[in-house]
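So the structure is just underneath, and the comments pick up after that.
Just so it is clear, A, B, C and D label the chains in written order, and each chain counts residues from 1 on its own.
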Amino acid sequence: MATDRPMQLGMIGLGRMGANLVRRLMRDGHRCVVYDVNAGPVHELAAEGAGGATSLRDLVAKLAPPRAVWLMLPAGVVQSTLDNLVDELDRDDVVIDGGNSFYRDDITRARQLGQRGLHYVDCGTSGGVWGLERGYCLMIGGEDEPVRRLDPIFASIAPGAGSAPPTPGRTRDGTAPHGYLHCGPSGAGHFVKMVHNGVEYGMMGAIAEGLSIIKNANAGEKEHTVDAETAPLRDPEAYRYDIDVAEVAEVWRRGSVVGSWLVDLCADALARSPELSGFAGRVSDSGEGRWTVHAAIDESVPAPVITAALNERFESRGLGNFSDELLSAMRSEFGGHAEKKG
Amino acid sequence: MATDRPMQLGMIGLGRMGANLVRRLMRDGHRCVVYDVNAGPVHELAAEGAGGATSLRDLVAKLAPPRAVWLMLPAGVVQSTLDNLVDELDRDDVVIDGGNSFYRDDITRARQLGQRGLHYVDCGTSGGVWGLERGYCLMIGGEDEPVRRLDPIFASIAPGAGSAPPTPGRTRDGTAPHGYLHCGPSGAGHFVKMVHNGVEYGMMGAIAEGLSIIKNANAGEKEHTVDAETAPLRDPEAYRYDIDVAEVAEVWRRGSVVGSWLVDLCADALARSPELSGFAGRVSDSGEGRWTVHAAIDESVPAPVITAALNERFESRGLGNFSDELLSAMRSEFGGHAEKKG
Amino acid sequence: MATDRPMQLGMIGLGRMGANLVRRLMRDGHRCVVYDVNAGPVHELAAEGAGGATSLRDLVAKLAPPRAVWLMLPAGVVQSTLDNLVDELDRDDVVIDGGNSFYRDDITRARQLGQRGLHYVDCGTSGGVWGLERGYCLMIGGEDEPVRRLDPIFASIAPGAGSAPPTPGRTRDGTAPHGYLHCGPSGAGHFVKMVHNGVEYGMMGAIAEGLSIIKNANAGEKEHTVDAETAPLRDPEAYRYDIDVAEVAEVWRRGSVVGSWLVDLCADALARSPELSGFAGRVSDSGEGRWTVHAAIDESVPAPVITAALNERFESRGLGNFSDELLSAMRSEFGGHAEKKG
Amino acid sequence: MATDRPMQLGMIGLGRMGANLVRRLMRDGHRCVVYDVNAGPVHELAAEGAGGATSLRDLVAKLAPPRAVWLMLPAGVVQSTLDNLVDELDRDDVVIDGGNSFYRDDITRARQLGQRGLHYVDCGTSGGVWGLERGYCLMIGGEDEPVRRLDPIFASIAPGAGSAPPTPGRTRDGTAPHGYLHCGPSGAGHFVKMVHNGVEYGMMGAIAEGLSIIKNANAGEKEHTVDAETAPLRDPEAYRYDIDVAEVAEVWRRGSVVGSWLVDLCADALARSPELSGFAGRVSDSGEGRWTVHAAIDESVPAPVITAALNERFESRGLGNFSDELLSAMRSEFGGHAEKKG
């Protein structure tokens, strides 16, 4: 099912996502020129049919104008790469930022590139390590013309309409059922992707908490200290279940209201290791959840679930420790309560 | 693909879920006898091939022992129905409660039925109005023997292995990949279903908040009053997007990390009515979310996301009003702040 | 300012609070008979003028009927003590439970004692280790007559009207301005005390979080790793303050809206040890916060602040760990994210 | 107790707080020159002994250099006033911003004024309408020299050491026990005041929720609909209390752990109107709570309590409505649940 609209694309940044984007595009008949600061992945993709480039300048030279260059880079190096790249580009070329940039930077960058006659498209890309096989969900921001021009690229990267049954109540056309969407002007793509990740935090938190409550359904079996510092469990007989959470995650994959890719992934992780060995429970956050909460506050939209999920991640890394010590100190002050050992 | 293990089942309660369970069972070759306090649905299902019963006694009489009788009733009438039913049943018959009973009631009921030589199986049933077509996810509690005996029934009701791709890391056997799971002794099924609904609350909250943040991405376009009672939006230029949330929900259905049945349903609801006309935003809760939080607290498991989602539902129904008035009253007391009009 | 209505009281349980209640009562001219399972505090208080008892029976024998016996015991031993005590008592005697019993137990106990012609009064007692000096805030439940009968006792234990300026808008009489209140029938006292402690959790959480935010106002000074797992601080120059939180707590004690006894205690704890050495941040909870959230849920009253404070305590003790591991596992599954070391 | 270090101060902005600051300063022997865009309060204060000014220029002219000018203005007009004012000032004059400016603006303004040889001091001022009588808690940021120079002013505005008993564990000197504190360089004062207000939100939320739970302790008395949309109250007999929340607030004022100025204010508000008539429960937020949460997120400090309190205010104003409608829409989609009427 190769595309009937083959295009040329330059890809800068060949980490897991960048490399797989290139593979997915080449599979569909597009021609890619690739560059990375590490030569390894360049050679690897060249062996698979891509054009390898040895520098930004080389990459640009190997593309016919008007060019399309996709950046798939850590947020921290986008600006410096962009600064170097724009000097090599010509009027009407397009740069796509497919990483997780903050949407406000998109607004600035689009303005700066616009002043040179260049176009800037921000493209939130979801799909993780599975995207090569499943396709990537694309949330796109920028001017109409360059976004339209890149349509064959987006169509090949996205999962396509066949990847999910049609929405019954839907009567409109558009690209959304194919898995990509032009959300609005510059920054709109990364804005939607940012909130997407905020939603992801909340969904992940809900699933993790639920499975944890199920895992602890045997709380009534445990010895409980009886002292003034410990809340006794009033109904231990109601918590005498040893439930296999790996099987619960698996059964929720079919027919249930919580069915979701994240539950699929939980089932997989728990199938591999029911005790989740190898994880200490220090949950990173890479910015989008924070920015989502910030946006919610700026808009005065209550977002208690997403915010709770963000705070849960901070707690998981021990960042509430001073606060907790202060709570213990207050308890000691007013009640003479000594802290219990762990 | 009719079952090669046809069984007989009595169904009491022919609301949307009970009737569709019967249809799904009959499709698969099982024989059903049905009863409801309303004659209408009894006749309807009789016309589709079920045996109609005019009373609990009649239903029992039409089933060969050892019998299996499934209750699909509102939580409030389960006990009284059960009280009447048990007098008609014989030793070794099984009663399945497929509704949303509180799991602690299961423990009591199983003990009571056990004293009469009857079996009681609790079966949390997820799938809503779509279950006829998609199958229902079943979370089952009770003794091993009767649960095993009912396996052909559960297998026909559940979605089956083909309804989702296999979990890559999974090496075990079991029924979970078919969409039903014997979770443990009496109450374990409803316990898992209860937490399932708690997870559902959290996931729903995350999705709803996220789409709401996206819908309000035009906050910078609105007129803002400048007074001491109103927090000014410092960066209005960063909130000038008019994003089509219906299209966002649609695009998230394919390839994204938040892909889920709930996002599918959002896309459908927004496709039918982008402004969600017909909904005032008073969100009911039917008990399982409350019980989930209660269980989390009893177990000392932090569940901030699920709890936030529950509180959000209470707020949606205006139940925080006295608390809010008190906040306004305090502000008036210390700062002379008058309340702003809506 | 000795009472002009001296009474006799038996005190069972001479921990910090029980012993100080006795001292405060004796100071005001009441006569106390005291008992504890440990002889030490009995002798100590006898040396200060109390009548010492060697057993429950001895204590009862040393009081003239109708007797008043106050229990100041850990929740876990109230029932067994009560079971032994009631056999010694006579019709019309009153038992007061001044500890932190669950209010529903009060309802049961009052009914049981009532069947023997005895009275039961529940009395939530706040004041901690400072109560001897400051007086205790009393929240009382039970029948009118015995509560009225005990008025001289309550009046002596409570702080008295002079301990705070009068409420300007108040025109009613009553005991509340003296620091004790008959809240309603059996259980009402402990219900109000339970919620009081829930409020305490929320206030403590707010203060601890705030001082922690201030302590971390130097976040921009710290080295920040730049990688895909870490949210970069966009505005490090806005977080370059080294603020002395001990001084902040002290300044908030005077004239500010957050002025409170809890801020006083923070100031004291931080004055003694600015780094809160001796505390690891494992914050206990002794039941009332849990019960408060349970009551809020039963009543459908949103209580997000109090619930957040409760969950914060669970997190502080590492009880969210399985949930956190699951979050890391999901991140690994979809994004290949490895967990960062602590 | 007039100051022995009388100074001259210009006050711009004679709203409730500005006017009372002037009165408190004059009472203590300082000389004030006052200006407001409205002539009324200027005449009023002139009648009380202040020097009245008819313009910024006039105000500056009436002060002897090096001058001290205090701005007590809504955040929205500080910048424009400052822009006009600085042209009138001379090298080494000090401007104090006593309002609720965002601390990052202070950093900018201090730099701008510094370039002209002027000093800028930010001073978070807490005390509300009660400050004239109680004194104001002052949180100060800026360079050492001008802050030291203004010490007599701060000392007169603050409540003074006598307004609260000394902190027992305290051994240090400093101004904090007098109710004012130099917190750090420019912005540090407003930073601490910002977090102070965040703490205030959390404490207010805790108190309001608690009193609301107590008010609803009669939930078991109410008629409850029994249907699939409504969670039944399992233990109505445990919620049959009619508790007088006004009296509860009053009793908590003395001896309890939650004793605080905010509880004092609740008691007053409820004494005036037990049903809080005149309040609809639409709770404003004026920015500091939002900024506090933003700072917590930037610093990666979990602040679940303060954040919950902020979200609660958004909910109180109906701002979660689209989100709530979406929740109802999802429930309708998967379960056929119709929304219940209010």
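Quick notes on this structure:
What we mean here is this: a contact is a pair of C-beta atoms (placed from the backbone, for glycine too) under 8 Å apart; a residue touches a chain by one contact, two chains touch by 3 or more.
Listed by chain with UniProt protein names: A, B, C, D = 6-phosphogluconate dehydrogenase.
On a predicted model such as this, the values are computed, not experimentally measured, just so you know.
Fewest steps needed to get from chain B to chain C, stepping only to touching chains, is 1. Looking at A-B and B-D side by side, the one with more C-beta contacts is A-B.
Centroids of chain A and chain B (each the mean of its C-alpha atoms) stand 28 Å apart.
Per-chain Cα centroids separate chain B from chain D by 44 Å. Among the residues of chain B, those touching two or more other chains are numbered 128, 205, 207, 209, 212, 216, 231, 234, 257, 261-262, 268-269, 290, 298, 300-304, 307-308, 311-312, 315, 317, 320, 323, 334.
Of all residues in chain B, only 257, 290, 293-294, 297-298, 300-304, 307-308, 310-312, 314-315, 317, 319-320, 323, 334 touch chain C in the complex they form. Contact residues on chain B toward chain D in their complex (touch as defined above): 16, 74-76, 102, 128-130, 204-205, 207-209, 211-212, 215-216, 226-232, 234, 261-262, 265-266, 268-270, 276, 278-287, 290, 304, 308, 312-313, 315-318, 320-337, 339-342.
Here chain D touches chain C in the complex through residues 103-104, 107, 126-128, 131, 134-139, 158-161, 163-164, 167-172, 174-181, 183-185, 187-188, 191-192, 195-203, 205-207, 209-210, 212-214, 216-217, 219, 231, 233-235, 237-239, 241-244, 247-248, 250-264, 267-269, 271-272, 292, 295-296, 298-309, 311-312, 315, going by the rule given at the top.
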